[in-house]
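As written, the chain order gives the labels A, B, C and D, with residue 1 at the start of each chain.
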Amino acid sequence: MTVGFIGLGNMGAAIAGRLLQGGHDLVVWNRSPAAADRLAAERGVRRAASPAETLQGDLAFSMLADDAAVEATLVGSGALAAAAKGLVHVNCATVSVTLSERLEAMHQALGLAYVAAPVLGRPDAAAAGQLHVLAAGEAAALARARPLLELVGQRVWAVGDHAPMANVVKLACNFALAATIETLGEAGALAKAHGVEPQTLYEVMTGSLFASPAYRVYAGLIGEQRFEPAGFRMPLGLKDVRLALEAGEARHAPLPIASLLRDHFLAAIARGDAEKDWSAVAMTAFRNAGL
Amino acid sequence: MTVGFIGLGNMGAAIAGRLLQGGHDLVVWNRSPAAADRLAAERGVRRAASPAETLQGDLAFSMLADDAAVEATLVGSGALAAAAKGLVHVNCATVSVTLSERLEAMHQALGLAYVAAPVLGRPDAAAAGQLHVLAAGEAAALARARPLLELVGQRVWAVGDHAPMANVVKLACNFALAATIETLGEAGALAKAHGVEPQTLYEVMTGSLFASPAYRVYAGLIGEQRFEPAGFRMPLGLKDVRLALEAGEARHAPLPIASLLRDHFLAAIARGDAEKDWSAVAMTAFRNAGL
Amino acid sequence: MTVGFIGLGNMGAAIAGRLLQGGHDLVVWNRSPAAADRLAAERGVRRAASPAETLQGDLAFSMLADDAAVEATLVGSGALAAAAKGLVHVNCATVSVTLSERLEAMHQALGLAYVAAPVLGRPDAAAAGQLHVLAAGEAAALARARPLLELVGQRVWAVGDHAPMANVVKLACNFALAATIETLGEAGALAKAHGVEPQTLYEVMTGSLFASPAYRVYAGLIGEQRFEPAGFRMPLGLKDVRLALEAGEARHAPLPIASLLRDHFLAAIARGDAEKDWSAVAMTAFRNAGL
Amino acid sequence: MTVGFIGLGNMGAAIAGRLLQGGHDLVVWNRSPAAADRLAAERGVRRAASPAETLQGDLAFSMLADDAAVEATLVGSGALAAAAKGLVHVNCATVSVTLSERLEAMHQALGLAYVAAPVLGRPDAAAAGQLHVLAAGEAAALARARPLLELVGQRVWAVGDHAPMANVVKLACNFALAATIETLGEAGALAKAHGVEPQTLYEVMTGSLFASPAYRVYAGLIGEQRFEPAGFRMPLGLKDVRLALEAGEARHAPLPIASLLRDHFLAAIARGDAEKDWSAVAMTAFRNAGL
């Protein structure tokens, strides 16, 4: 199938690569043309002259950085309004629930189908087809997108029949990751304050009750204080916590750990840690204990 | 070996059973005599007339409910002062770091060895020898206790050469469990507020990044709101969070998530949930969102 | 002087009344025409056919509900772009710091002067000329606005030479009011839990260390649980706390009490208290204690 | 009247001085004899050889540092058990609610009357008779103590017929002071982050809605960062917040601002501010904003 593809950042490029490996043809667009040029040269994909051109087939993916990029590229540019009727648009970006709600309504009004499919995992997991894909949208559209999503995910989780539900699940997972980081920070500071190396505690935790990828990855980073280069920069962590808080606020759901995390991300950025991995927010607990 | 054993509650009895299965003889004491009588009748163990009588050999275990029970049974009764020189005392109870520090000093002054060996897991795991044992104390004493601890634990984690270090690790783990409960509560409330069943979210979490025993157990309980009968009652959860906070305070280590948990446990007990499992504290997040 | 005036809600009408009493002529505009008609009929002021028409003189006031109303009425309508060069525009509304920054820049680009002059106090204080006016802006503009501001305020506080500084001061004061409400709630719940009537505590507080208008007003409302009719509705309280948090976030300043307040406002609204006075957020503390 | 007096620290000596000025004779005891010697020499008071000797008349005051000092001096020493039947004991110290409950029961069992009368204000206010006295206890005992309490207080607030009620009110007031300090810190940090001097904000606040002694005193200290010499040291602030939290916990009343304050006091002490005035806890907000 020929699939439109917008957004060739690290994650977008990895997903696009999986679709190509799966035998699909791509017509791609990227804000900065270099990435699209490279993919065109290396993999023979067709370059689109505009975002709209990627939306003329049956199915298109987009993987843009944030709400503003989605607004500008798909709405502001007029691309969506010019899309082929019946198109299934699969948006893999982590965007706000509010934007997802608006996009779903716009697609419906334009005779398009909208699937939200944010992912859990980093670009290398995407390149290996090992992401977890959180997908939601109208059932028929989801069914059409699924074979392609299965190329990038070890598992595709269908979490609802409205696209924003996938965004909520993604934000809830990222919130839980941030809570994990803070929990490891506080537990580690408590240990260290009493002469126990945080890594000793983390080995116990990840070798017993907390033997999960999330705890292993972040216990490793925090235990070794390996925060640079950042896998996920501090301001992106703050952004996702803010999106969770806003999604909560829209339905009057307070999230006190998220409130606390927001404050800690701000303090971390204020003291100059903006370029570090978001897991460096765990150092707040150590620092506040004078450790 | 003949091993003294004090405290035959659910967990104590399970641990005692493992020591018997391992071929050891026990001399046991319990505050309410029924449990000791039963073990004497069924398993032929010797009943001690006083706590002191269990402390006359080379090695003794104690598994008492809390700081007060330990103080009364071992210190107030004069048992410790009357113990055989050279005794290795293995305390499996979850007690405060402060009490553990005092006990370590008292043992040393009396020519006794003190090993703290609190455990992770419930009585059925103990009966199956599947606990995680968190052990700390002077190396020689720990070495003598280890073969017996391996009868109850799938793994014995040596976390330090001072007994209180094991108590710190235990409190840090229980704090992390409580943080997990609250995180699941907030994430679930966010999901539900947007029409996603909490169980859908929890399946994604425990099937991907959070595939650990802790998350599986508590996501199950919270997802099904299965809080009675309690595996671990609310006031015990509050107590352990308080012990973590006190251990932090003793070294000027603030633990903001623990502070928040303390407040939520109090509110849960105030609204009448004292008899429920501590995982019911997750319902705070749902209730505060009007769900 | 002939003064333009936009926004005749309760507070706007009270301020307009003071300017009239001070001998000024007004040319007024209001979204719903009834209020403007009434003022025209009763006080002989001139009604403007558009917001732009109020901005053709030397000085104009606006008192609109929120950011969106300011955007729509002054920017979206083209009014500001059509204003007379040299106009001093005095904005008394509580708006976001971000909007105030944008408005200041827009005014400058258009050859207009922008003074932010949010007020502390309720409409009856305005009608009596007893507000506290928090004013900021370029010195010459502020000097021209001051005689008029002194008609509505018992005191005009010049807090800076950039308009947004007045908005920051206003948000900081409203944050401190909200913190006062929460403090009274928690202190009152502690008292009541031990058999002391909250009002007894509040009498001590407001009769000794806390003898200020803020504590007297809110201790009165909370002590008598007199939350309806609302003087300042719950969602407005939430909005102002959110504006404080956003202003903090823009400069990486965490405000943990504001985070906590946001969560409590959300919970209060979720349980159905949206129509009550924002001081009803103090009941959270009583409710969480089972009182 | 001859009045017993135990505890001649700064505050105790000031209160004793007022009683002397009021024409009463004192029989005094102090742990370190120097203070008692001085008072004996300067004012001709009688020195008691033991705490018990001060408790042989109709009325005695005590003003000791904390729970431990009260326990040791009055209970552990056997003084209370040896007191004259019918004695009215007025305890001005800020002690825990739990201790006050126990003391009330002990006095009753011994045929003594117990009045709790903690005070608001510093030693110089005591010397001028300008304290606020928070008094509680059985009515007849309170009536007998009142004339003496009026010598030290500009006002004596009778807050209940059980002594611990006065301790609750005192802890609630100190909690509110600590909340005021944190509120001023956060509001000041928000202002400063946007270019407004905290002192400008504080002038507005204390000149309008927050014109109370508490806000004036602490806005002054924080605005000038005048934290040394300490009027009330950081660890004492932490202690009082902890006592408020414990009093809340005893009745299942969560106090989230107090939890937050506890964490901030710990962090302040951890970074080396233990010798500073407790108002220095406000600097946390500035520091966390990178200011």
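Here is the rule we use: a residue touches a chain if its C-beta (ideal position, glycine included) is under 8 Å from a C-beta of that chain, and two chains touch if they have at least 3 such contacts.
These numbers come from a predicted model, not from an experiment.
The chains touching chain A as well as chain D are B, C.
A comparison of the B-C and C-D interfaces places the larger number of contacting C-beta pairs at C-D. The centroid of the Cα atoms in chain C and the matching centroid in chain D are 38 Å apart.
With each centre defined as the average position of its C-alpha atoms, the distance from chain B to chain C rounds to 53 Å.
Looking at chain A, residues 248, 252-256, 260, 263, 266-267, 270, 288-290 sit in touch with two or more other chains.
Taken as a graph of touching chains, this assembly is complete, with every chain in contact with every other.
The part of chain A that touches chain B in the complex is made up of residues 97, 120, 132, 134, 155, 157, 159-160, 162, 164-165, 168-169, 171-173, 175-177, 179-180, 182-184, 186-191, 193-196, 200-201, 203-205, 207-215, 244, 247-248, 251-258, 260, 285, 288-291. For chain C in complex with chain B, the residues that touch the partner chain are 263, 266-267, 270-272, 288-290. Residues of chain B touching chain D in their complex: 242, 248-249, 252-256, 259-260, 262-264, 266-267, 269-270.
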